[in-house]
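Got some structures for you, see below.
Same chain, two partners: subunit A is paired with subunit B first, then with subunit C.
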Partner chain A sequence: MTNVTQWVAVIPTAVLGLGGMVLALAPRGEERIPAFGALALLLVALSVPFLFEGGYTAGVGASGVLNAGLFGAGFLHDPVTWFFTVLVLTGTLVVVAMSFGRLKSLGISSSPEYYGLLLMTSASAIVLVGAGELITIFVGLEALSLGLYCLCGSAVSSRRSVEGALKYFILGSFSSAFLLYGMSVLYGVTGSTELAVIARELVSVRQIPAIFGVGLILVGVFFKLGAVPFHFWAPDVYQGAPTPVTAYMASVVKAAALAMAMRLLWNGFGHNEVAGWWLGSAWTVALLTMIVGNIVAVRQRNVKRMLAYSSVAHVGYMTAALLPPGARAAGGGALLFYIVAYSVVTFGAFAVTMAVTGDRVDQPSADDISSFAGLSRTNPRIAAAMTLFLLTLAGLPPGTVGLVGKFYLLSVVVQSHFVGLAVVAAICSAISCYFYLRVISAMYVQQATDVTPPHFVSPLGTRIVIGSMVAASIILGLTPSFVHNRAQAVAHGVFVRQP
Partner chain B sequence: MALLDGFPLLSALVWLPLLGAIVLYAIPGGDSPEGQLRSRGLALGFTVMTLILSLLALSRFSSNQPGYQLVESFRWIEALGVRYELGIDGVSLALILLTTILMPLIVLSSHSIHESVRGYLACMLVLETAMLGTLVALDLFLFYLFWEFMLAPMYLIIGIWGGKRRVYASMKFVLYTAVGSVLMFVAILYTSWMAYDQAGVQLPSFLLGDLLHARFTLQEQIWLFAAFALAMCIKIPLFPLHTWLPDAHVEAPTGGSVVLAGVLLKMGLYGLFRFGYPLFPDGAAVFAPYLAALAVIGIIYGACIAWVQLDIKKLVAYSSVSHLGYCVLGLVAGTSLSVTGSTVQMINHGISTGALFLLVGVLYDRTHTRLIADYGGIAAKVPVFATLFLLFTLSSIALPLTNGFVGEFMILSGSYETYPMLTFFALAGVVLGAVYMLTLYMKTMYGEVNPAREGLTDIRLIEAVTLAPLLILVFWLGLFPQPLVDLIEPSVVRSLQITKERSHVLRESELTREALIPEDMAPRGVLMQKQSEYPSRPMSL
Partner chain C sequence: MERIHTILAIAAITFAIGAVGVIVRRNVIVVFMCIELMLNAVNLSFVAFSQSVGNLTGQVAVFFVMVVAAAEAAVGLAIFIALFRTARSVESTSATELRL
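And now, the complex of A and B:
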């Protein structure tokens, strides 16, 4: 336990947290300084998991059993933390690239604070993904949420942005209260905040209060994931937040919440007997999330709102793979792959939406589907990229990675004999073809309207993001094993152990 | 052909059109007038090259040799045992040839497209890759991938280059087919998982050859076959799932209609033949009478509805519903004669209906109307066109000496063994087919000359060149159908044998499975490889 290398797992958080504070103090006005500063800090942080990969496996003993972790099991330096750290850092990098050169048109006046907050939020996200103990989970989640509330409202001149931030803040506080209450009950019952201890104790403690505690925690988890019926914040917040922040929420934050859900549900409440308590309700949540997300998305005319409901729907598919108690290695692999694939196309889709909206953030037609009409004629490349992203989300080739991701997820679901859930997921994804294809139809079939932007050249950052997300989704679609094998190995090391 | 040994012929065949689409877009300035001409030339070149590759595949194919040929097999998605495995038998080769013959003609017919020709041709080339991939895939996941891959380009073809109601028609097309397909997706996952569960091996597999070892209870087979059949029957389309077809056909541009009627509809039948029947023979047996009944209803219903159509294209579209009914009847009747006839009829329908759509396109380009009432007496104005139209009409109503006769005759005589009553009713469709097609011919070509059609010009050289290969095929296959039948029949016989033996496997459990699976269908060592790090097999709830 005295091994020094294990402490490297903390470095990215420290770099981002401290660096973010310094960045926020940079002089206003010149966007370049904080943006490049953030870029440099992220690259430094990103080099850590790659250079010192051993630090993330040092915690796993020969028998595959984790040691106590750092800070008394507060921060687990296991392969799952490695995976999510890389994901969070890469995602933040993409968000920085998306934001660069855009802040003015998004209505964000103070660039140092924006980039500083972004880094600090990502630092909290890394705390959350590695947290192996209730208090750390809560602290990580709260720090993450606080950063997000501010980021959502960072376009201070936009009423929608401020409204979204306030809504998110109020509802988020409620869910945190639920979570904290559940945690206190669980602590009262088991006498520990450590997930590993809780997992052992839960089997033998008094059931009624324990189920109560687990249930309350589940509410908090599902709120963060944006699962039905705790999804009501999602569309307003997604629409109101500046688009890079929306993309950040849909990918990085979702990934962190997923990591938290996996650790809580599998490592904490994963014992077969305990799983029986929440399996039924989680099954219902998965079912409702798929159905409601997809059906309500059909009615949306605003592309950001549509993508918000689509993200709700995708959470539904992911929740379905959270269920199987017997297939956690495969399920974990599938979920990690899915969140990577989903993040890639979500970044792409939001980057395109932002590029199309351009300077007209405050107009009523902003992000409306009508501003995509005829886009294939004015901006054929952007339209082609958006088509690829939307087809991927719908799971239709040539968006192969979407289909492969669904394939991994649903095969886990089918293997665990949740065939009914898989059938519903399949039908829902057929419904989803409608609202994804409607945007494609607007771009290719309809004539350009007066709200369609004329030919435009986006800032370099946006172009790089769109281009690299196209490349990433094609490469991931052709050689999914490259990421999936890694994901499976990671999940196998951490989640397959029965507590 | 020692030179070609080891050359991945099928991969080249499948991916060449996609390469063509990329090349079209890689060359700048493709939307200028010269660029459009160059795009057409390039697309024609790539489709002809694909045709040559398919002929090469034909020359290297020997129909007497059992099993799949020209097989290519690589691991693709390791953890789930998905392989990139391609192979052909006589049935898929026949459909491949149909596809590769039709595609250059569709490119030739693209002169009626004026807006962004390059995009249109690229969509067609991508669609060709998807169709060929569907026909050669032997791994169920790969098959599903290509199957879904057909949707997006066809959606764009109808949506961008279609008629007035194209938005509605293209969305309807996608939603109908997607709903069917996704259930098949779950069925594929379930099938593979059950096979894995039973075989006790390290890796799951999606290979048809491996899955043929799996045993399913009757209950499972009924559900799995239903999921497959729903996807396929929407695609075919079988009555009453056909309502997307007239919309899609009427709104699609000429080339889109040709490829839709010519090839896409056949995919449903092909899927049933290749996967549905061999995998779930008992489930299929439960559904067969209902499918046959629906097929016969479709034959008669399609013919009756076609009879009363006012729009020529819609009439031809409904005639497809009727003709595909014969194919379904032949397939589910399950005798080697009827199934072979069904496949022959698929080819013939592709040729004659494809040609009819091309001819309707020729008329529409000149007059911009497709209403029967807007024509009349034009035979005197356009004698060559009228002759061609007559010949393809006769082929469509299956006159002896044309290709249509061969397939229909084989289907009806083959199905009589299994479903005598239904076949009797299906015969009515033959008569009705003659009635609506000849009525169409009479109303458009003879009678009072419509004054609006005075200035109608006859068929142009490029249009004649487009139709000539199809005309040759009509008579060639009508007079000498034997080579085609010889190509298809051994594969059909083998497939029926597997289907029959597998249904024995399920009924008489005292027979060992291995003894009944023909040697070449046995897994090629895939299941035996244990290099995967797939985790310990998950428990079920």
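And now, the complex of A and C:
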């Protein structure tokens, strides 16, 4: 415990949290100062996990058993934290690039607060990702959510933005109360808030209250992931929030929630006997999430709502891979790869949607599928990029990342004898082709119905994001093993052992 | 009935009252009060458990929950003000712009 390098793992959080606070005080008006400040802080934070990778392995002892972690067991400096720290920071970098030059037209008048909040929210996401103890998980989750409520309503004069923030706030706080109640019950039964201790104790305590506590915590976790039947907030919030914030929620926040789910379900409630308590209900949630997400997405006219239901559906596939008790290393590797691939294409799809919406943020119909009509003629390259992103989400051939990611996930599910779930996932993927292809057909087949001049707006930041996401999805699709091997190694060190 | 059971029952009832309030009330400020009620019910159960378990972790947890609840109040009221500015009302029935 005398090793100094292990404290390196908290530097990114500290840099973003403190830097974000200072950034929020920057003078209003000039967007460049806070944007470049955020960029610089993110690059500094991002250099830490790469320069001091040893700090993130110091927590794992020779036998693969985790040492105590930092701050008691509050913050675990293990490879999983490394992986998600890099993911969160890179994702935030992309969101900053997406937002730059567009804040005014999105209705966000105070850029310092926006970038400051973005950094502070990411700092909390890193806290949540590394949390190995119930109170830290709660504080990290709430700090993340509070930042998100503000970001979601940051276009204060837009009624839809504020309404999305309100719905997210009410339902989010409601679900955190359930999560917290579950935590207090678990503390009462096991006498500790540390996940490692809870995992050991749960086997031998009185079952009824323990199951009650675990169940309440699951409600909170599934709400944050946006799984059915706790998904009602997702479409409204995704549609109402400014598009860069929506992209942030669909990727970075989803990744952080996934990390929390993996730590709770596998490290906390992962013992074979304990897993039996939640396996059945989680199985049902996974099934419902896949079916409802894909079927309701078919009916959507608005692209942001459609992508929201599509994200619900993808959470369903991911939840299926959370189940297998015997295949956590493989399942963890597949999940980490999937969330990376999903984040890349989601960023791309939302960046294109934002460009197509252009300067018509006030019009409710501006991000409808009809706005994409004839895009292949007015902006052929952007239309091609969007086609790639949508095909990847559908898991169809040119978008190989999506295909490979789904293959990794479903092979874990099948190998653990959840064959029924895998079959439903395959059928649902087939259904999902319909609503993804609908946007593509609008771009390539339909004529632009709008007689007014095109509203397309793509400043440099948006174009960089679209271009780099195309490159990233092609590279990931051609050499998936590079990231997948890494993900597998990361998951193997943390999730493979029986608690 | 032991004392701890009484306290836990009170906490559970308070939590349930809060949860029902969130579902049935329409004024967002009352809804928010009900959420605070739920959080405080959890605080009560944390303290009760802390005594029965015999360590202080539960009492420390209460302080964190209180801080989070205060931060939540700040953010929540800001959102309500923004809602009132755009919709001229704080009834949740006025927030119906977003739908299929």
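Following the convention adopted for this analysis, the second predicted complex is superposed on the first by the 493 of 499 C-alpha atoms of A that agree within 3 Å, B and C clash if a C-alpha of one lies under 4 Å from a C-alpha of the other, contacts with A are read in each partner's own complex, and residues count from 1 in each chain.
As a convention for this text, contacts are C-beta pairs under 8 Å (C-beta built on N, C-alpha and C of every residue); 3 or more make two chains touch, one makes a residue touch a chain.
Quick caveat, the model's predicted, so the values are computed rather than measured.
Legend: residue contacts after superposition of the two complexes on their common chain; A:Gly29 is shown touching neither subunit B nor subunit C. Legend: residue contacts after superposition of the two complexes on their common chain; A:Ser441 is shown touching subunit B, with no touch to subunit C. Of the two partner chains placed by superposition, A:Pro229 touches none, neither subunit B nor subunit C. By the touch criterion defined above, A:Cys433 reaches subunit B but does not reach subunit C.
Against subunit A, the residues of subunit B that register as touching in their complex are 76-80, 126, 130, 141, 145-146, 148-149, 151-152, 155-156, 159-160, 166-167, 170-171, 174-175, 178-179, 181-183, 185-186, 189-190, 192-193, 533, 535-536, 538-541.
The residues of subunit A lying in touch with subunit B in their complex are 324-330, 333, 391, 395-398, 400, 403-404, 406-408, 410-411, 414-417, 419, 422-423, 426-427, 429-430, 433-434, 437-438, 440-441, 444-446, 480-481, 484-485, 488-489, 492, 496.
Residue ranges on subunit A touching subunit C, taken from their complex, read 134-135, 138-139, 142-143, 146, 149-150, 153, 156-160, 162-167, 169-170, 173-174, 177, 180-181, 183-185, 187-188, 191-193, 235-236, 239-240, 299-301, 305, 364. Residues of subunit C that touch subunit A in their complex: 8, 15, 18-19, 22, 28, 31-32, 35, 38-39, 41-42, 45-46, 48-49, 52-55, 57-58, 60-61, 64-65, 68, 71-72, 75-76, 78-80, 82-83, 85-87, 92, 95-100.
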